[in-house]
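Below you'll find the structures, each written out as structure tokens.
There are two complexes below, and they share subunit A, which is joined by subunit B in the first and by subunit C in the second.
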Partner chain A sequence: MTDTLFDMTLCAALILAAWRVLHSSDHFQAVVLFITFGLILALAWVRLEAPDIAIAEAAVGASLAGVMLLDALRVMRSVGKEHEQEKRWTSVAKLPSFHLFFSFATVLILSVVLISAVTELSDAQGGLTDLVHAELEGSGTKHPVTAVLLNFRGYDTWIELGVLLLAVLGVLSIRECSNLHSLAPPVATTIVLENLVRGIMPLVLLVSGYLLWRGGFAPGGAFQAGVVLGAGCILLWMAGHRSLTMLHDATWRILLILGFLAFLALGSYSLLSTGVFLAYDRQYASIQIFLLESAATLSIGTTLAGLMLALQPLKKDLPR
Partner chain B sequence: MTELDSFLLYALTAVILFALGLSSLLSRRHLLRKIMGLNIMSAGAFLLFISVAHRNGKVFADPVPQAMVITGIVVSISATGFALALARRIRKKTGLTSLDYREEPSPENHNRP
Partner chain C sequence: MTIWNIFSILFCLAGGAFFLAGVVGMLRFPDAMSRLHALTKADNLGLGFIVVGLCLRSLVVPVIIKLLLIWLTVLLASSTACFLVGNYILQEAEEKPQEN
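Moving on to the complex of A and B:
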């Protein structure tokens, strides 16, 4: 009974938070509510017995996305005439009627189709849990989710590292800068903040390393560790430290492609020796997975931090 | 509550989140709201995925959808980062915070960083 009540409250809170994110009149309020939405969602993942996703969501959805949105809002806050317009358009009734009609008709039809599909799903059975547990022995890791990510569906993770790489390259090209050294130096903050952040950096590294190591047998792994690492780099930058720009340009580039390259190298090696891409030798599977995970952690961390830092003011934009 | 009811509760929440996100993507003008709407849509898709995984799981939810959603979360944050970069570029070049070019930007907004 208590469980039911909790689930219902959680779902109601999710819907309410989402509604407020999309319909509150103030953008700042919307962004803060979006962060709240991420935290409630992390709680929902725990209720659905998916702790790996809960850790990733808390780190990505609630913190990284929040920082990126707040930073974008600082630049994109509408002022003057446009702000008035945005406020007017907030009330749905002011939209042109055809626009209103089409968007609501689309949403309504889609919702009806989705609801009927979901209710039909309710008597479908199956899933791959048994298969994963049967193959877990000899996959090189004791945690099923890590086994799926790094072994059974290694392709997904490889391509995903490629997507991350593309995103950061895309942001750099939009900004028309080729590396992080064309960024203006970070804004100095108070000495207390900078030293506090410096002080907790070893802890961030420790947590990141712990999550990586823990991924071998329990919820955790390369993604969560990488996100914590990336968030640490961003925190350093915001406290006025040079963070990633301290690295030599070549070092940063190597860190960016390290994860993608590690997958490519191991995949090609297994393609040549066994004829199958990314098939691990059972004997060495655990060491291979550990190497891949470490490379992926470094790449994910530097890429996510790079995504955020590449949006900061450039040297050429500063008033002379 | 039986297994089935908890599945339906989360699955229907997922559909509602998806619909809310989509309606905001279609009807809000400010680009940040559109990006947030897109993120809420993807949260809905992930929630549906995991509600099925939870029902099919044993001790933990089914690990295959879990792994896919973790991949999805990281892809969606990189897509968000890229979208924000595009939105900021639009703002810088046109002074607008939406895609509606019929409205002339007010002069004091133009070319603000």
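Moving on to the complex of A and C:
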């Protein structure tokens, strides 16, 4: 009874937050509401007993996306000041009726597809869960989600890392920012923030390593650990700490491609030796997964930090 | 075991009361500074009470250490965030009279 009540409140809060995000007339309010929406969504994932997705949602959907949106807002404001443009937010109510009709139709079609997909799901008892649990023994890990991500569907994870790499390469080339040295050095902030970051960075690294280690037997893993690492890097930069600018150019590039490269190398090795791409030897599966996850963590952290840092002011744009 | 449970429930309720007061303060207080005050009270004391309540509920040392660590991190983060927002408000207040 209490559970149902809690779930109903959660659903209502989700819908309300989503509605408010679309309907708020103020940019800042919309961004803050979007972050709130992400946090409620993370809670919903916890209720659905999917803590892996909950951690990812809280870290990416709420925190990282929130920081990116807030930063975009800062840039928009400074651009708006320069050009003195009318920078009104187009709220849903003000859109032309054609747009409204189009989005309404899309949502309707999507809802029908989703509902039909869900009704089809209920027939298969638990989907592939039993199969995963049956094969877990020799997969090299004790956590089913990690087993799926890095063993059974390692191919997908490899492609995902490729997508992330493409995204960061796209941003870097559009910004014409080939390395961290072409960025304007971070602006010094208050001593309070700097001290907090200095104190909290070891903890960030510890948590990242802990999440990576935990992925072997419980919710956690490369993606969550990587996001924590990336968030730490962004925090360092935002607090005006210059340590990231000292990162060697080659090191940064290697860190960016490390995850993708590790999958490619292990995949090619298994392709040559067994004829199957990314097939693990049962004996070495767990050490292979550990290596892949560590490489992926570093790459994901660097990629996410790179995505954010590439949007910061460049040296050549600074007034001399 | 039951005595721990009773204490745990009392602490969690106290934490909830602080959060409620914090929310009411956020919505009702007139200016940003006093709203900050309400917000940090909820973060510091409300979460503190709930963490103590949860510690009493679990009574497992590693879990208790993790819970306390969460509280400590939130304390650090919330007081820094509070300082940053307060600092921003003060700067805005200083800049405004010059513009007029």
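Just so it is clear, the second predicted complex is superposed on the first by the 268 of 320 C-alpha atoms of A that agree within 3 Å, B and C clash if a C-alpha of one lies under 4 Å from a C-alpha of the other, contacts with A are read in each partner's own complex, and residues count from 1 in each chain.
The rule is short, and it goes like this: a contact is a pair of C-beta atoms (placed from the backbone, for glycine too) under 8 Å apart; a residue touches a chain by one contact, two chains touch by 3 or more.
These figures come from a predicted structure and were not determined experimentally.
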{"item": "Partner contacting more residues of subunit A (subunit B vs subunit C)", "value": "B"}
{"item": "Partner chain in contact with A:271 - subunit B first, subunit C second, else both or neither", "value": "neither"}
{"item": "Shared contact residues on subunit A - subunit B and subunit C", "value": "none"}
{"item": "Contact set on subunit A toward subunit C in their complex", "value": "190, 192-193, 196, 199-200, 203"}
{"item": "Touching residues on subunit B, where the partner in the complex is subunit A", "value": "1, 4-24, 26-33, 35-37, 39-40, 43, 46-48, 50-54, 56-64, 66-71, 73-75, 77-82, 84-89, 91, 96-98, 103, 105-106, 108-109, 113"}
{"item": "Contacting residues of subunit A [partner subunit B, same complex]", "value": "1, 3-4, 7-8, 11, 14-15, 18-19, 21-23, 27, 30-31, 34, 37, 41, 44-45, 48-53, 56-57, 60-61, 64-65, 68-69, 72-73, 75-76, 78-82, 85-86, 89, 92, 95, 99-100, 102-104, 106-107, 110-111, 114-115, 118-119, 121-122, 125-129, 132-133, 144-145, 147-149, 152-153, 156-157, 160, 163-164, 166-168, 170-171, 174-175, 223, 227, 300, 303-304, 307-308, 310-311, 313, 317"}
{"item": "Contact footprint of subunit A on subunit C as seen in their complex", "value": "73, 76-77, 80, 83-84, 87"}
